[in-house]
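Several structures are given next for inspection.
Below are two complexes that have chain A in common, paired first with chain B and then with chain C.
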Partner chain A sequence: MSGKTSLLKVILLGDGGVGKSSLMNRYVTNKFDTHLFHTIGVEFLNKDLEVDGHMVTLQIWDTAGQERFRSLRTPFYRGSDCCLLTFSVDDSQSFLNMGNWKKEFIYYADVKEPEKFPFVVLGNKVDVTERQVSAEDARQWCQENGNHPYYETSAKDDTNVAAAFEEAVRRVLATEERTEHLIHTDTVNLQRRPRSTTSCCS
Partner chain B sequence: MAEPLMADSRRCRLTHFFLYDGSKVTGEGDPTRDGICYFYPEKTPIDQQELLCGQLAGVSRCVSELSSSPVRVLRLRHTKFAIRMEEDLFWALGCSVDFPTVSMSDFLDQLINLFCFYNGPVRQSYQENSREVLALCWSRYLFYLQAGSTELHYIFSCLHTIDSTHIDPLLLLKASLILQACQRCPLVLAGCILFRGKVVSSQMPPDLTVMVMAHETQTYNKDERPNEVSSRVPLSGAVTSTTVHLTLSQLQVLRSTNVDRESRSHSTPSKDSKLPRTRLSRTLSDTPSNDSNTDLEADAPLTPLRLDGLLSPEESAARPAASPPPSHASLRSPEISPFPNRKGPRSGADEEEDEDEKSYYYSFHGGGSDPGCRTPGQEGLAEGLGTSRGTSGNICGGAALPGVGDTNQTLVPMTLYQHRVNGLVLVLLVEPRLQEDADAMEEVYHSSLASLNGLEAHLRTVAPGPPGPQGPYLFAHYDCVQNTLITNVSGGGGRGPGGSFVRAAALLHSHFWNSEALQETIIRSATTAVYATRSVAQETYFLQHGGSVRNSGVPNHQDTAFSLPSKARHRLLKHGVSLL
Partner chain C sequence: MAADTSHKVLFEQYGVFIHANSGDGCIEQDLLVSGSIRLVDKDGEVLVEYRPLEDSVDPSNMLCAGKDSSSVMEWGQSPEDRPHHGLEAQHSYETEWDMVNAVSFKKKTCSNGEGALNHSHERNRWAFTFSVGDLSSVTVKMDGWSYLFFKLKEASVSLPTLHFHQGGSAEFLDSLRRCALLRESPEDERCLLVSTANRALSQSFENLLEDNNFGLVHKLKKDPYVTTLGGFSKVTNYLFDAFRGAEEQQRRRPPEEVADLLGEVIPGLEINQQEESGFEVITRIDLGVRPEVQRGEPLSTEQWAEHQDTEGRILNVPHLKQVIFKGGLCHMLRKDVWKFLLGYFPWDSTLEERKALQRAKTDEYFRMKLQWKSVSEEQERRNSRLRDCKSLIEKDVNRTDRTNRFYEGIDNPGLVLLHDILMTYCMFDFDLGYVQGMSDLLSPLLFVMENEVEAFWCFVSFMDQMHQNFEEQMQGMKTQLVQLGSLLRLLDQKFWNYLESQDSGFLYFCFRWLLIRFKRELSFHDVLRLWEVMWTGLPCQNLHLLVCCSILDSEKQKIMEENYGFNEILKHVNELSMKLDIEEVLRKAEAICLQIKGCKDLPHSVSDILGFNTDEVTAGDPWSEVTAPRKTSPAPSPSPTDRGQGAFANGHGLLRESSQNGCGVSFVS
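Moving on, here comes the complex of A and B:
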């Protein structure tokens, strides 16, 4: 595993306007733009990083949260290694919708064992003073829905953003190690991909 | 006079092209070959080259001196030539006689414009480079302009656009939003997005888009020009930039339509407070109602360009918000017409309104859609069409001087920024100083990178799909303003009904060009009939298969040809073509 850079695909899901694009931009380019367009369909950025001695290229897929873009985004769920469920702490509806996002992801990504798939939950916009979702409620939801790790982030203030993405990487690596441990070594591991899936020519 | 051989009659039926420099041949003893800068086909024996160059240049000079106007077309028995003369420089492009004259002249204009765009003024580049190097350029541009084109594309000299029938319109919107985001940097003049050599979205006038695409094609083929001033931008290997040359009028168009600069940049929030509209970034959902919107849409003589028709209603409503309120129009200099072919000042009455509309239409309609040109008057028509093509207007009269392609016009060096993501390319025309401004450069790069990645992923997964069943009819719809073509005629079509349809379209396109008053026409043979109609902004051609045998040629109210107009109206609606 070590010594080789692997490509991990993580996908950001959540209601429109919770800050998925901002989280991605903050993490990859360390910029925050208050004037972002609504995302149409999907977008992605790559970032190389090292987590616990593993070199990985994190491919972060940002998706459109609005319902009308559903048919554009869902084909790109497949092949994700981790799903970042995102809501905004100042929008209780976005919190309530997380269950739907999880279901949509499991369905379209065709996840075989949903209970083992790594999800990370992000409560974004903690810089906002009027919260509608408390940290306890969020933690409780994570506890009840598969014991997902929960991070309170702010793309605007750069709070916890890197920590959340690194946690996603750790979860993926942990899952892969578990799988490797269980599967005999002479089988072909279809989970791990070489990094050649992107930027083949430039 | 020598009848040139019919060389290669495939494709454009281009037979010859040459550039002859008369200043190299002044004395009696000077051999003609000294003046031949470039000759196509390159394998032509030098004697033949001399014969043709000498005779055509001589005849043209003689005629232009007699008539005191430059020669634009020379017609021989089997070939005709589009001619361009500028001082001692003489260009000729030969085609077979059945190719429309207007298309031939457009082709020559495009070719010369391409050369100047990438190499600067012709005479200067011949002083700085060897003939061999520049010959390579000419042959590349010749190849580029002919590559991948169908016969219909030649006839209309139109852009290659992505086949939007299989593409979610939202993706076209996404592309145009990427371009808008880039324009938040004030050094970016205009841009376009290409996918596999076809236009997905463009903010530039069509004549500029054509030229910008030539570079795309070259770099895609990993085929660097020898004298290219290319610099790698430190940001990423995917970004390159090269120097290009714009005429003052082209630059004027880009700068004058590059509106609302202040409100796009983050640095001046004061402007925002004056404009109670939402930001560009909220185009999709937060749509302020804008009164001018309805006027613009209703007034537009154009078929709403493809994008328009495809945009969601919210987006259509939001677009005018991007143009400034009328009060800002006066800030721009109205006395400098952004239209290169406009000869006189415009009638002042609707100046302001037009300025405003222009700025609005520009990014989507490519600069030529001036409502002022809509009047069916002769001038309006000629100018409208001429402008839309970005070429010199009047071909038959021979009096109009070339505008855009004037090689002796001042050319301003600009930079072409190109960011490639696999088959997708973002091309931006930028002020040269962007390259020195690392922050601005980075901003442009980062503001578009994720979206370009995404758009590429989307477009890659769109299966091109087999061309659907052709249906019982053929049609071609040419948008003169955007310089685009929608058709269900497949590429090959040399024979059969496709062939006759293309021939009919070529013939009628010439007729439309020659007689401004002609609006609708039907031409027919014993077996088939083609209906054609046009407005200032569009030309539409329609053929219905399986005509009845009652068509005897004698006027007869039961003749099926007379039902063609209503059939065309009905059938073409589903292609987004409205003939009402």
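Moving on, here comes the complex of A and C:
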């Protein structure tokens, strides 16, 4: 096991109301809060985890989905190691907008090789019975748009949430092994302050 | 886009005219030439170009001249319209905020004579190009519109006066200021002397100005080392360079000029000069001690009753506002008094008049409500704007103050009212529609009013103040962040430098605070208190910015001691939510206000933000047309372009004779 903890930055993008904040909160605090406010501005939470023997601190960034706030959220795209494109299976518009989210991300995150950048697609709210987007359609989109992994999640029922975030970590680690960098230069910046939690056994 | 092209349009404005008969008294009478002016960076040299439209137009065509006003790319559009690589990509960050249209220039530029006029072609008789380096002065005059007269160093060349019939002269000068130093001529304040002698120094100002406009991320990419130094130290370095250079070569930049510029660019900075040239001491403005301030008791129902005459007019409003400012309102009074504070009810109206007003406003409300209520499903299917508003509102109503008893549970009537008022507001202001954050602003109003119609009209009044925050370009937000930056810099240079060193000088972490006036940062009842205090307009304008300063003042110690970086600052500030003590925050905000007010050498930029010298503001200010607040917003905040304007309008009053024995440049704090 490597003694190093890498800090990975992932960002949740998708239309307003698809459940980005709920997914983040479910994953980090294991709670689903029906009283949650819609997001204004930008927030992030950290979570430590181990994936395939790698110690990782996942820094999850959550933004406001409304178009108007683009200029606020886009500066935070830089330095992301992975982007979680999120839609809600009961909202076909949020599915149709995914292409735009992806483009916005690639543009503002200044991704050098978009084909190689890890995206993970999340179809949230699978607990809802009135679906507007079928799993096949979603899978097809993922296939056609860069072969992204697809997860059907429910922040409410805690379906596949951890699996989706862990997949994100795997994708990042895989890319990094390929490029023989353990940590992106940008994440080094984020790691500027020494963390107290790097010791192996706690 | 060809990689070798190094033309970059820094500024472009159409609808710029030459009055052929008024300029150099020749040729056809009444000839108006319409064209565009550009500032172009060509291989590092900045050129001013004037190009007439195809042909000269006669006055009858003037109105339509230049209406297709843009070959300039709009950055507000969806990303797919944009090139993914190349020069502009690096600038996207600034341009998004700035609306500075920095695009590569495809049209072929005329490559003749530097600083010379192009008279060669008859058709292009009026076109001219010169290098900013050859410019000696610009004279700005105003006669219904602004017009500029350029004088070149080469005195034999004269250029026609340019008339900015469609505005944009101030913006042009702003852009020019980014490539050259402009200072008022001592003989004629309308005449701006141009110098480009020391690029490094002007560059440093450009950087500082850009900081205000959030260019930092871009800069960081380019040069992380320089950026981590505070903005202030950057200037120090450049100053050293400038003065060293001055000793060696011919001295080109008089110290007053540097002083003027620095003073305006960096509020809180004062430059003391000695008679002997070459020696400057730079000190910080001494703000003096922050006074102790007490908060008061909320206005009581008895006090309120005492302030009304028999017909219900409100008496002695200033005193009333003072009490409310000091202590707020007891909760029972809010329902009544908020209507006055927000301007829905005039203070001097009688009870009868208010009843009549309410009747009329009730009708008006339901008329608008009926408009969206009566849209059939069929119609809605064909009205995407309405559909989008509706879906956004539905989503947000379900996520607004759901723990408050007024909005909790399912099927709470409060939720329906919240929804209906927001929908009706879409009808009231269809251009704005619904933007996230508006439900947060409405919720406390509805909670207090407990009445759909009155909550709606109070919301309309509140939105008049907040409108700019929600507009497409979010101009209100940008302005406020820039203004807040100026205040923080004045109050504590060290903390400001720290924020800058952590790439946080653009104050993103205050976004939510400002967008919805601390609605998410305070407990529900504290929000009510803060808002009513704010609505009194006391003790100065833009109190909410001082509230930001107050909160940050209490946190700065921790932020700096813990050496928080960009992320940690954001996180720390986000986590202050619900932990703030409103009375303490307000106490300090007022104290800061008094402290600033007591400072006699306050930079104009700061007094403008807080409205300390509103009466002094010159009536005939030629820039008022450009900086006037847009639309319905009565928000008195000056726009960010003011910084440029201030830099030459206020180039006085900051200098002070000093007996200090300063040598070289030093900073005294």
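The definition used in the following text is that the second predicted complex is superposed on the first by the 179 of 202 C-alpha atoms of A that agree within 3 Å, B and C clash if a C-alpha of one lies under 4 Å from a C-alpha of the other, contacts with A are read in each partner's own complex, and residues count from 1 in each chain.
Everything below uses one rule, namely that a residue touches a chain if its C-beta (ideal position, glycine included) is under 8 Å from a C-beta of that chain, and two chains touch if they have at least 3 such contacts.
Just so we're clear, the structure is a prediction, and the values are computed from it rather than from any experiment.
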Side-by-side fit of chain B and chain C on chain A, or clash: clash
Partner chain(s) touched by A:Ile40 [first = chain B, second = chain C, both, neither]: both
Partner chain(s) touched by A:Arg78 [first = chain B, second = chain C, both, neither]: second
Touching partner for A:Phe69 - first (chain B), second (chain C), both, neither: both
Which of chain B and chain C A:Glu104 touches, first, second, both or neither: second
Part of chain B, among the options 63-71, 117-125, 135-143 or 297-305, whose backbone runs into chain C after overlay: 297-305
Those residues of chain A which chain B touches in one complex and chain C touches in the other: 35-38, 40-44, 66, 69, 71-72, 75
Contact footprint of chain A on chain C as seen in their complex: 78-80, 82, 84, 89, 92-93, 96-97, 214, 217, 392, 395-396, 399-400, 402-403, 408, 435-437, 439-440, 470, 472, 474, 508, 511-512, 515-516, 520, 563-565, 567-568, 570-571, 574
Residues of chain A that touch chain B when the two form their complex: 21, 24-25, 29, 31, 33, 35-45, 62, 66, 69, 71-72, 75-76, 200-202
Chain A-touching residues of chain B, taken from the complex the two chains share: 168, 170-171, 173-174, 177, 180-181, 184, 236-238, 266, 279-285, 420-422, 446-447, 449-451, 453-455, 457-458, 461
Partner chain C, residues of chain A touching it in the complex: 16-17, 34-38, 40-44, 59, 64, 66, 68-72, 74-75, 78, 100, 103-104, 106-108, 110, 190, 192-193
